[in-house]
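Paired with subunit B in one complex and with subunit C in the other, subunit A is shared by the two complexes that follow.
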Partner chain A sequence: MAYKPQYYPGTTSVGKNRRKHMSGDLEKLRDISDADVVTIMGHRAPGADYPSTHPPLAEMGEPDCPIRQIVTPTPGAAAGDRIRYSQFADSMYNAPAIPYFRSYWAAINCRGSDPGTLSGRQIVEARERDIEQYTKIMMDTEMCDPALATMRGCTVHGHSLRLDEDGMMFDMLARTELGSDGNVYYVKDQVGIPLDRKVNAGKPMSEAEAKKRTTIFRCDNVSFGGPCTADKRTLDEGLVTLHHMWERRSKWGFRPE
Partner chain B sequence: MVTKSDTESVQIEIFPQRFLKPDTAQRLLEEIYSSGGILRIMIQGPNLPKSVPYGPGKGIPIEEHMNMLLELGDSALELRVKVGRIWLELESEEKIEWVKAACERVLPCTFTIKRKQLFHTKPTVSDYAKYGSEVEDKRILGLVDPKAKRERDLAILSDTGGDT
Partner chain C sequence: MGKIHTKKLFVKALNKKFGKDFDLSGTKTVYERLGPEQNARKREFMEASKKLEGKRGISMYNPYLHAGGVPLGQRQLVPYKLSTTEYIVEGDDLHFVNNPAMQQMWDDIRRTIVVGLDMAHEVLEKRLGKEVTPETINNYLEILNHAMPGAAVVQEHMVETHPALVDDCNVRMFTGDDDLADEIDDQYLIDINKLFPAEQAEEIKAAMGKTSWQAIHIPTIVSRTCDGGTTSRWSAMQLSMTFIDAYNMCAGEAAVADLAFAAKHAAVIQMADMLPARRARGPNEPGGLSFGFLADMVQTSRVKAFDPPQVSLNVVAAGAMLYDQIWLGSYMSGGVGFTQYATAAYTNDVLDDFSYYACDYGVDKFGDWGKAPATLETSKDIATETTLYAMEQYESFPTLLEDHFGGSQRSAVMAAASAIGSACLTGNSQSGLAAWYLSHLIHKDGWGRMGFFGYDLQDQCGPTNVFSYQGDEGSPLELRGANYPNYAMNVGHQGEYAGISSAAHAGRFDAYACNPLIKVCFANPALIFTWDDIRKGYGMGGAREFRAAGERSLVMPAV
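Up next, the complex of A and B:
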């Protein structure tokens, strides 16, 4: 029988969404062009050559190494691209992704990437042409809601703040705006440098849609197991597992015997 | 600010569920102010910088945050925060219902109004460092943070008040 990975437990929609993120089996909701993704990232002009930090591996004459023979280099590594990044901030108001699950997604599905998890933002680093491809997946699929998840290379403040009147996550640098046609537009790149033209990032999800697709447990949506004050809480299977691990670790963590 | 009143003042906090756009904040404050009986107003929220503070774009002006004015009475203040919380000191308890009605008329989202002691009554160490041992006008206590500049962040709309 073929091995089938069991990514995450739980029967709630949040558990299912977390499994989807980890497995990379994501629904594509929009199509943002490669040039637009490159524009928002701001590392190079769309269509420009990729600067490199070393010659292509094929020209370098690699040493005789069994690991190098087993592992095929990513396109970026083969070409000698620079390491570049994309970083997203996700609102706690039912954003589809959260830093940990972005990291799980990247670590499991993106070869040659280095995900970094922080409390309200998440960064993925990889060779330039690889990170562009990974970022496009993040922006095109259900991992992203342009109103609740924004690419923010710096000044990322917004994750834990209330939303703006129009439902957009607060952004100190005003990188995105809600257009009159209902689409969210990037007017600045991820570090706040104004763009020559606005980049359409698609329509925001409705509140109900965001609640359906989120990977965040919230008391006002899918909670861990009912209100904290409830007499009897029915915890999601994932939480039971987590509690089990914490209990064992607390009681016997330092005395494994 | 208004004249001294015989009734005891009350302090309330308006906490909208969403951050307010400058226009909405302006309309709300106008509605509240027009009814009179307001002793002190404080608005609070996350900072809106005038230029990019960090990263490769450091120093680039943020045009969206320029020239945002909050006009009230015959004064105007430059709005430097995204309005997320408003503290009011009202002349009397009856005014609370009026403020609530104004919020219902203007705010596009749900909100909460809580009555509590918001502004501190005694000078803190920071106040002492800033104003000295004698605070000229005690209404300033708790109205602006210690690093605020009085001429930039504080407006006296009608200086007929006393030691409220």
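Up next, the complex of A and C:
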């Protein structure tokens, strides 16, 4: 029988959403054009050639190496692209994605990527044409609510701050704004450089939709520890599993036998 | 049976910070984006810089350069309340450069050395046939308190230090021998019986036996000019010269070498160990300071012995400032970000609230302090409930989450509370450490975020080093320090580890955590920093009420 990854335990919406993120089985909610994604990323102008750091692999005369024979290079690696990044900040007020699960998504689903996880932001690095493709997935699918998850290369604070009065996550550099048509627009690229034109990132989710699609446990939505009093706890299956892992790591960390 | 704590101690601080009319539970706000001008301290900085630029002939502080020209502080710049105190200061006031009390806390450690008297007395009595009596010891201490600040004995026509520049220097002795203590002039004695609660005094004296020790604090200005490695050398020279004077010795006789060797090596307790070459610091520098020693330096255990969380919280505050802000934040790295991490552990009564919750939950469940079994089950129970409680507070009070806007701050605070609870209830620091590691994992899994790359690493692999005492696998937490493998790189950990070390012993109402000599040495009432109330000291420093030692203004033209 073929191995079927289980990814994450639990029957709650959060558990299910986490499984969807890790598996890459994501619902597409909008279609941001390739050019718009590239514009927000800010690494190259849409339509410009990809800068390269080495010639295409096919022209390089690679050594006789069994690993190279097994692993097909990604398009970006084959072309010799430089390594670039996209980094997202996700609000703790029910943004769909959360840093560790962005990293799990990338590590499992994005070949040749290097995810990095912090509390207020999460970065994925890859060859340029590859990261553009991965970024489009992050922006188009249920991993993103443009009001609660924005691309921020620097000055990222916002994930833990109260939302602005229009429901947008606070951004010191004001890279996005809520348009009068109800869409969220990027007016600056991910490092805060003003854009020549606004880029439409789509409509924000309703609060109910965000609660349904989020992967964060919160006591005002899906609680990790059940009712918020010490005498009525019912631990989520994810937490019970975590206890199991912690206990074994404590007991046998230095006893590999 | 304890009553589970529900005071939400941080609410008062939040009201002070954000104004009493704000909505405690509101998840939305109007960001006024007022820039740096909104804050008195930033205005002061800008004005000072403007004046100095003329003198300097080169540009200086300009917060409008922040983030490529976007004004700093577009959100509200809020002040900080030092936990359990009424001191409210600006964040800038908690950078150690701006806070003389913080500097003095570290200065007090770096300039301190404990040196035994018994070995020297044996040399005098057995090798030289001299008589050592309480009278000769008092005479010796009088000469020593002349010499140690930098004055001459034995030799004539020597240059000396100005007493007003070195008046913080002093040497007192302490002993487990009550009969001897009775004979020592009060001004030269750290009186264990008077300074410690009776049970603690007995415990300390039993551990010390009838040995005698000197608590030596060389001038702050000396250790600031040189380094921690100077302290034993400076003190040893003055000790040797004083013995020569007090006991009418020949300045060149071979027995002096025995006294010098005792003063520099054989009878010396450094505050911190020397570090390996790649970190290259001498003894008495913060990277070599063990968590147990720091726990013993803090004196809250002496004055609030029956409040174990308060004891632990003050040790956390000491360590967060010393290890995070000074050691990692400046010795090992640079810049200003470390202060922001560290302050979360000692401001706004957040860690206090979480820790009292953890302890009350534990006392309610297990009966009393130090009575819970030191098992993984206990750690799991207390860490799980405490972390869930803490996460729920952040979720229920959005400005609390905003106050601890970085995951490392939250992770450190939640884990420290879990660990303090577990250590206080079991009386075992390894149980506290196990709770610490579990709390981080619960935080990470519940919110899908924790600290930053490196921060997370040591906590995710950390459970492997609990309840293991082999040198490369564990070690008692009290004996670990800032240079312990994996602990050597990340802010938001080391102060908390010191707090956990302290909590285990506070929960048992022990007189000390690791070394009774360190505990007594820092009970010296003549120390400059407020060792019995760390947060109060920081508040005084931030409020510009604290006068530090080591100043040079006496011998410089007025500004």
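Note that the second predicted complex is superposed on the first by the 243 of 257 C-alpha atoms of A that agree within 3 Å, B and C clash if a C-alpha of one lies under 4 Å from a C-alpha of the other, contacts with A are read in each partner's own complex, and residues count from 1 in each chain.
Keep this in mind: contacts are C-beta pairs under 8 Å (C-beta built on N, C-alpha and C of every residue); 3 or more make two chains touch, one makes a residue touch a chain.
Predicted, not measured: the structure shown is a model, and the values here were computed from it.
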item	value
Partners on subunit A (subunit B, subunit C) - clash or fit	clash
Touched partner set for A:P194, first subunit B, second subunit C, both or neither	first
Partner chain in contact with A:R162 - subunit B first, subunit C second, else both or neither	both
Touched partner set for A:R233, first subunit B, second subunit C, both or neither	second
Touched partner set for A:Y7, first subunit B, second subunit C, both or neither	neither
First (subunit B), second (subunit C), both or neither touched by A:Y50	neither
Which superposed partner A:M172 touches (first subunit B, second subunit C, both, neither)	both
Which superposed partner A:G253 touches (first subunit B, second subunit C, both, neither)	second
First, second, both or neither for A:F224, with subunit B first and subunit C second	second
Touching partner for A:G153 - first (subunit B), second (subunit C), both, neither	first
Of subunit B and subunit C, the chain that contacts the larger number of subunit A residues	C
Colliding stretch - subunit C into subunit B, listed as 1-9, 55-63 or 73-81	73-81
Interface residues of subunit A shared between complexes with subunit B and subunit C	154-155, 157, 161-165, 167, 170, 172-173, 192
Contact set on subunit A toward subunit B in their complex	42, 153-155, 157, 161-165, 167, 170, 172-174, 188-189, 191-194
In the complex with subunit A, residue positions of subunit C that touch it	4, 26-31, 67-68, 70, 74-75, 361, 376, 380, 384-385, 388-389, 391-392, 395-396, 398-399, 401-402, 404-408, 410-411, 434, 437-438, 441-442, 444-453, 456, 461, 463-468, 470, 473-474
Residues of subunit A touching subunit C in the complex	92-93, 98-101, 116-120, 154-155, 157, 159-165, 167, 170, 172-173, 192, 215-220, 224-225, 228, 230, 233, 235, 238-239, 242-243, 245-247, 249-251, 253-254
Subunit A-touching residues of subunit B, taken from the complex the two chains share	16-21, 24, 46-49, 52-57, 60, 62, 64-65, 82, 84, 108-109
